[in-house]
Every structure is written in structure tokens, then in C-alpha cells.
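Below is a structure I'd like to ask you about.
Here the chain labels run A, B, C and D in written order, and each chain numbers its own residues starting at 1.
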Amino acid sequence: MNRPTATLLISCPDQKGLVAKFANFIYSNGGNIIHADQHTDFSAGLFLTRIEWELEGFNLPRDIISAAFGSIAQPLNAQWQLHFSDQTPRIAVWVSRQDHCLFDLIWRQRSQELRAEIPLIISNHPHLQGIAEQFGIAYHHIPITPDTKPDQEAKQLKLLQQYQIDLVVLAKYMQVLSSDFIAQFPRIINIHHSFLPAFPGANPYHRAYDRGVKIIGATAHYVTQDLDEGPIIEQDVVRVSHRDQVDDLIRKGKDLERVVLARAVRLHLQNRVLVYGNRTAVFA
Amino acid sequence: MNRPTATLLISCPDQKGLVAKFANFIYSNGGNIIHADQHTDFSAGLFLTRIEWELEGFNLPRDIISAAFGSIAQPLNAQWQLHFSDQTPRIAVWVSRQDHCLFDLIWRQRSQELRAEIPLIISNHPHLQGIAEQFGIAYHHIPITPDTKPDQEAKQLKLLQQYQIDLVVLAKYMQVLSSDFIAQFPRIINIHHSFLPAFPGANPYHRAYDRGVKIIGATAHYVTQDLDEGPIIEQDVVRVSHRDQVDDLIRKGKDLERVVLARAVRLHLQNRVLVYGNRTAVFA
Amino acid sequence: MNRPTATLLISCPDQKGLVAKFANFIYSNGGNIIHADQHTDFSAGLFLTRIEWELEGFNLPRDIISAAFGSIAQPLNAQWQLHFSDQTPRIAVWVSRQDHCLFDLIWRQRSQELRAEIPLIISNHPHLQGIAEQFGIAYHHIPITPDTKPDQEAKQLKLLQQYQIDLVVLAKYMQVLSSDFIAQFPRIINIHHSFLPAFPGANPYHRAYDRGVKIIGATAHYVTQDLDEGPIIEQDVVRVSHRDQVDDLIRKGKDLERVVLARAVRLHLQNRVLVYGNRTAVFA
Amino acid sequence: MNRPTATLLISCPDQKGLVAKFANFIYSNGGNIIHADQHTDFSAGLFLTRIEWELEGFNLPRDIISAAFGSIAQPLNAQWQLHFSDQTPRIAVWVSRQDHCLFDLIWRQRSQELRAEIPLIISNHPHLQGIAEQFGIAYHHIPITPDTKPDQEAKQLKLLQQYQIDLVVLAKYMQVLSSDFIAQFPRIINIHHSFLPAFPGANPYHRAYDRGVKIIGATAHYVTQDLDEGPIIEQDVVRVSHRDQVDDLIRKGKDLERVVLARAVRLHLQNRVLVYGNRTAVFA
């Protein structure tokens, strides 16, 4: 479906008639729904929905939709986002020294699996500059020490603004962001190289090896102020055995990290992830 | 959610306004939707949906719902089924000599994972009569030879009628049903011990071993007149290695067969499976 | 392979010639090796091996093998166990109120997937007595309170002795055993209903739900004095989504628990699990 | 383990003493075995083994090992291969228009996951020349028509000779090789984009979609004269649903293809794959 669409992600207190109200809003304005999915979380008392419809033939002009829907949403105490499929999000990929997730994201963007621009790479190391050049992406090397961190984060924020970045992807960035930073730029996806909540923090593969687990995993999540505690978007696992040394775990883990991160970024870009509390509903 | 609900499974040619029309039908009659899911199959031009709502507070009496909804559905050329959650379906389990799927279904029914009655077991062998007795289920031993098949199938149909059976589950029955039988009683789920369409027909584990596959599977599907060609409800797989002999494949496969069959039966009983063409939409 | 075999599980400091020495011991005494597998853990400097050979045609009488092999093993500082396949191990299954793992173990034992006797069930609740009776297994109801625990554990130990139990399987026993007990009877396998080390301790499914994970797991491990910290034998996982409530996690988890526990018990019974440090080598 | 090693892959009719004989050959010449694995296929009456030992301290010069081992192997009717870890194999990657497997193999080779050289890319299309240039790899565009095939295959064979290629990897080459070609250069690994033996031949994703399967797969296998019938090295699968259109299957499948092909090539390069009959033992 390459015709432009609009997507609403809505969460509101559950009550009768919500599906009808939202569907009527689209239908009465001449819209053709191409995807609608909803979920009621009874324990939270919340109704969550994703509705996507074609803009062609829709009677409301784009700049009116928000206000028009607002008058329905407000009495319902709904929280909602509106996205247009032909507004391409801009991603900054943040890396340290490992290149596998970066390469993978670039390849997927180039092959149109990810509908986004990647105009910016930020790293605390100079190692991956060559890849940036190879693909014509700006690369900013911003080393971080405990002392310089506040200043450097200010630089990073400025770059995000300058490059009009919509989403930061931490593609094995291996640095903790400050609460301050996250408060100012909250749209961040991280890949953690373990099956969270097992092995949060540093060196998860070494610790997985020491524990003697038979399966390892990777977790993509939104970044919040609590390290490795943000809402999980996607996880996957792979089997290991006593024959696998730490190096083997790292190697097998790289394949997981690439795929799990890419799936999460894709779901986010397609506006399929609705965060509520510390959880996500993924309308895949 | 233990309060009684009604569920509609609907498929109809795609057009604008369907979500709104169906949701309005529930809402305007005072119904509270607790699950709604839809899918548009653009290649088939079909809109498919499952809507479940609470009967409490719904203004239409049960015996009117069907007629009332029909007046909406007919102009849309919709096909639809209506189910009530407090009408417990009755299952006949058909077996040969293997007991693992039978045991599993009975255990799940007893532990209320499957909301159904199991009043009848039919087998072409006498071997599992003891299990039937243990759990107080009627057991009918109906041996089949090419010559006696038509007569025996007539007996089987009579039993299904007598026990008011809604669903036949072939739990490793290992016999092919005639087209005639299927035409007269089409609500049949089979578990096939391979990852279809690989290894249809007899002895799939032996053939999987001979082919040297590294993964084996099991497939639960509705039975149609073409052997092992019916709409697939659920599949799953397990890894094998060169160390696994045919006996190991059979043993590992049994765990798959139990789980895959149980999932499929549960999905069916919850009216989550919508068949269209030779495919299923599973609103899980 | 139903002819009787002997199996050696050996671990010793790595050095040259170990494969040759152990293989020569079997060969020079006329034995036919049917399975041999070894692993060198270079980080631990340990050589680990499992060797199984047919007793038919082996020149050493059974009661001599141990002494004969000891004279090879001692100079190598090897630790080793010797098992005969025709000595059937005796299992006590310990349960609380949930029956799914118990049922599963009994079914597998009856169908000869598990070569063992199950003469004894111990429970802190009376609920599953009926199952014991159904299958002709002794059932001892031993309720536990903090005050009575020492006395009750003494009773339990006495029962294990009386029934000549080789292995205790905690099939959702939901009680912590004292260090004292474990010291006196260390051959215990537990199934924990999470993907350890995530969610050790109580209520893992509730905590998995609260954390919003996308995959849940189960872990079978040997019991040590540190709760849920013993050597892991087997793990497996299943995918969940935002649609799955705690009850769904529990239901999906039961299927995992059954399969993971059964695999671990089978591997143990076939003498395929070699514990070293807090790890296992599984010669599957 | 970066010190140079030798590896023997041996298959021979089963008999007593084989483990001892092979281990003694290494030990008596001062070798330190770092990996040994064996398997007896009782149905085929075959003993299969992989033995890897360090060359440092081994008393036989490299150019003698083969002859020395031959005198042991011949009376046993053994078939065997000898490999040295410091002789880097040379790979030719063959592609059509899709770049995902090519990119992946190059990245893994660059990051030393695959110990091999990739000096040559052959394609029946010009599309991926840019990638070859980017990474400094020779690219030969050899279009194929039914008429030109014999001549073009002659060219291809010449290139393999010229570049001293040890292994051809068909990374979505989408062309069938002639029996003649395979007879002259039999060391070929192919990735097939289905879970063989399901959907051999063309358009497996379309056919998987049409069949309504709930899981799709990919298969890496050695190429033999029977299309998609060669010995399977590795397979893996991913779950799909009714929401996945053919394009989604293709996209999900690409991730499978990359990983499955890479695993198979890595296992082959580490001499862990022993072909016998139409099967493989994978000593992973």
C-alpha cells in the first residue's frame, strides 16, 4: 500500500462505543480504513487502538484532522498521536565501536525495509567513520568522559535539532544517557544484548556464560531514566550449549541484536507501538 | 472474562465503512465490545473480522440477534457465524493406538483450558478403552477395512448425531475419511505429524529422517476432501540433529503434536479461526 | 539400543592423551563404544566426557569395572560416575496443587519415554491424591509450616530412603527445601517457571506480565542451597504479546514447564548431564 | 584458539576400537586433541567422527600426516579428509539481483566470523557490481540464456580455477547449474528460500502464501544434481500470520536466508560438516 495514509494511535479509559466512535469519525469523513486493531487491557481499564486509513478520498484536509479528532478525543480523556505515512522520519544512529547493527540498519534503510532517512551517526569513538563516508552519512565523533558528559550531551542535543531528528537509535552505543538528556529528547530506542530483565547493565554475555544459561536473548526497548527498564518493544532468543564460549555467545548474540533492533525500529516507524505505563501494545 | 459473550465471525467483500457499520450494530444496541480484530486481505478483496461483546446489557434478545444482524450483513454479501460463549461445544475425539494427544486433550478439558465437553471417543482399535473408562467417557470401537468403511462411517455419523457432537478432533486417528463423510460432517480438525506441505500422507517421520532435515514440525488443519490439504490453523517445529534416529523424531514429534493440536482446538473453540478460501485468519 | 550398556561420566584436568586413555580402557577390555562425546572447557582447564559401551562382550565383570577404571582415573585426578542402563532409577515426584507436570511425567514414564520407576509422590497438599490412586502410586501428604518444617523434612528423607529413591523431581512443589535437606539428598531436579536468571523466586508470571516482556520461559535445574541458582539443565521459551494476561502467561507457561522438566529428567536419567562448577555439559 | 590445528573428518564401517585407534594416532604422535566428536549411525552401520588437534608439538610433519593416517584408514575402509586451520579457503559468491546474502557474507568475512577469502563474485546480472567495487572484490557479469549456458559455465569454471576457489556459495543465484558443472566443481552451498522439502523450485514464498502456512523457513544445502535435493546443512524458520502478505514473507525470509546461509558456510569452513549418503552429520 503505497498511497499516503494517516494513522491514529489512541489510548483512553475503556467505555462502551469506542470502536464505533472512532470508526465513525473516519467513515463519516469518507475515509477507507486499511488497518484497525484494538485491545482492551482490563486490568488497567484501558482501551488501546491503532487505526490507519487512506488519505485519498478523505474529506478533511490534513491540517484539520488533528483538531477535528481532538473534539472527539477530549471528552473521552484519550491520549493520541497522528502520523502521516508520507512524512519520512529522520533517524540518528548512535554507535560505539561495533558495526553490525549500524551496517544492518543502513542496509535495511537502503533496501526500503525501513522507511526513514538516516542523515546522522553519532559515536563516542572514531572507528566507524569509514562506514559513514561509504554511505554518505554525517558522522560526529563525540567522546564522553564523566567530566565532559554534560557538555557533550548539549552538543548531541544540538545535532539532533540541527539534523531535525525524530528518532535516536542506540545501535550498541554502550553509554548511559543522563536523565536530563532523555527528558529533552525522549524518542530513543536501545538494543540491549540480553533477554531482559535477565542481565541488565554491563557485560551480559559474560554473565550469561557464567550462569550457564542454555538460551541467550536480545531486547529492544524505549529508553527511560531507569537503565534497561524501559518499555520492551521486541525480544528474541537463540539456543546455546556448553560448547559455546563467551566469544560464541557474542557472535550468536550479534545476529539476534541486529534482527531484534531492526524489527523494533520498523514497528516504531510504522506507528505500530503504543506505550502505556511501562508496557507496549504492538499492533503488528 | 466469565460473563457470557456473543461473537461474530464475518467475511465480506471489502468496502468503506465496514468497521463503523459492525461496531454501530453492537453499540446502538447497548453492547460492550471486549474484543474486535479485523483484517483486510487486499489480494482477495476481502474484509475479515471477529467481534466479541458482552451479552449483559445488550438490548437484543439472543434469538433476535441473528435476524437483526442479517439485515445488515445481507446487503454487504457477508458470510458470518454467531456464537454464544455459554453454549459449550461437544467434542468427539477420534484415535487409533497412540494416546498422547488424547490424554492431553482430556487433561486440558479437565483443567478448563478447553471449554468443551468430551462425551465421546471413537477408535478403529480397542487399545485406548481403558483411558476412556478412567475418565468416564463413552468409547466406541469401530474397526475399518476398505470393505466395511461405508457402513462404519454411517455408524460414526450416527454416533456424532446421537452425542450431539459439534466438533470432531482427529487425535492421531491415522485413517482417511471419505469425501462423503466430510460432506456430511465438515467440522473436523486433524493433527498431521509433519510441517505441511512437507511430507503429506503416511510415515512423515521416516521420510523426514531419510531426507536429513534439521527441523521437524506438526500441523493442525481443518479436514477437507484433499488429504492433508485443508486450511492450516497452527504449526510448530522443533530442531533435530544427525544424532536423532527415527524413534527420536517420533518422540520429539509427540510433544509438538500435543501442543499444536491443543492450540488449534482452543482457537477453534474460542471462535478465533475464520476460514476463507483455503486459508485461515486466526484472531488470537 | 536395548542391550545393557555402561556409561562413564568423567571430568578431569585437561592434558594430552585423555581420549586415547579412556577409549583404550574400553577397547582393550573388548567393549564396543556406542556413544562417546567430549568437551574441553579451556577457561576452566577441564576435560569432560561421556562414554557409553555395550556390556555384552565386555571382558570385565560389572563389579570390577569401577576398581579397574579407578586405577586409570586416580592419577589423572578425575571425578567420575559409572552407571548401568539396566538398573532402573527410582523417582519421587514432589507436587503442590498443580497437576500438569505430574500427569506429564507419569504419562512419559508409562509410555517408556522415561526409563524409571515412580513409586512415590510427596505433596504438601492433599489435592492430587486421586491421581496417585489412579496410577497406583503411593501418595504421602506432608504439610509444611515454618514450625514443622524440620520434622517434616525428616519424614520426607525417611520416605526417600524407604522407597529407595534415586532422584527427587520437584514438579511445581512451590516450597523451598532447607540446606540441611539438600546436603543429605542432593539429587534433586526443579522446574522453575521463568527464564532464569530473570524472575527467580515467587510469582514469576505476574512479574513477567508487569515487566511487559515479549517472551516467557521455563528452566529446569539441579537444586542447590541458593534458591533458583543451581546448575541449569534445560530452558525453553514461548512468545507472548500484549494480548496475553497473567492467566494466559500461566497457561502458556504450563506447556513449557511440562516439556522442559521432562527433557531435563530424561537427560539426567540417560546420564547425559555432567555438572561442573555451577554449569552443566549436556551430552545430548 | 588461534594456534594452527589439523582436523580429520572420517567415516567408516562401524567396528570395535575405532575411537581408540584414531585417538591413539594423535596421541602417539604427541598431538593435543582440542575437539573430538563422533556419531554412530546404526541404521547405516557407519561410524562418523571429527577430530581436531594442535599442530604445535605434533611430531609428524604436515606433509606426512596424510600418508601416515592413510595406513590406519585403509584397512578400515575409511573415507576421510584432512584440513589445516591456517590454510584459508577461498570463496566465490554467486548472486543474481538480491544483495542481502552477499552483504551479509562480506560483513561476516570482514569481521572474521568467516575465516575465508572472498576474491570473486559471479553474477548473471550487473546490478551488484557497485558492492563488489566498494569492497574491492572482482565482479564477473556472466549472463545466462538456455543457448549460452554451456559456454558460460565453461567461463565460470575457468574463473573458479583462475581465482583458486575452494567453495562456491550460491547466495540467491536463482539459476540451476548443469550436472556437468556440478560434476566438475562439486563444493557448492546453496540457500533455498523455503523449509525444504516443502516448496522446492521456483517462487517458494508465493506458494507458501497460497498454502496458508503459519511458519516459513530457509534451507542451506550442498548442491547435487537433483534440484533442491542435496544434503541439508542447516535450516531455520520464522512464524508468519494471516496479516503477512507475500512481500512480508519475502522480507521475513531474507533475515532467515542470511542467517541460515552464514551458519552453513561457517560450519563448512570449520570442517564441521560430514556428508554421508544424502545426509550430514554436523559436529557443532
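Please note the rule applied: a contact is a pair of C-beta atoms (placed from the backbone, for glycine too) under 8 Å apart; a residue touches a chain by one contact, two chains touch by 3 or more.
Computed from a prediction, not measured in an experiment: that's the story for all the values here.
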item	value
Chain B and chain A - chains in contact with each	C, D
Pair joined by more contacting C-beta pairs (C-D or A-C)	A-C
Length of the line joining the C-alpha centres of chain C and chain D, rounded to whole Å	37
Inter-chain centre distance, chain A versus chain C - centres from mean C-alpha coordinates, in Å	41
Touching two or more other chains - residue numbers and ranges from chain B	42, 243
Overall pattern in which the protein chains touch one another (line/ring/star/complete/other)	complete
Residue ranges of chain B touching chain C (in the complex, touch as defined)	99-100, 103, 107, 111, 113, 134, 243, 251, 255, 259, 262, 284
In the complex, chain A residues that touch chain C	39, 41-43, 48, 195-199, 211-215, 217, 231-237, 241-243, 245, 277-282
In the complex with chain C, residue positions of chain D that touch it	1, 16-20, 23-24, 26-28, 30-38, 40, 42, 239
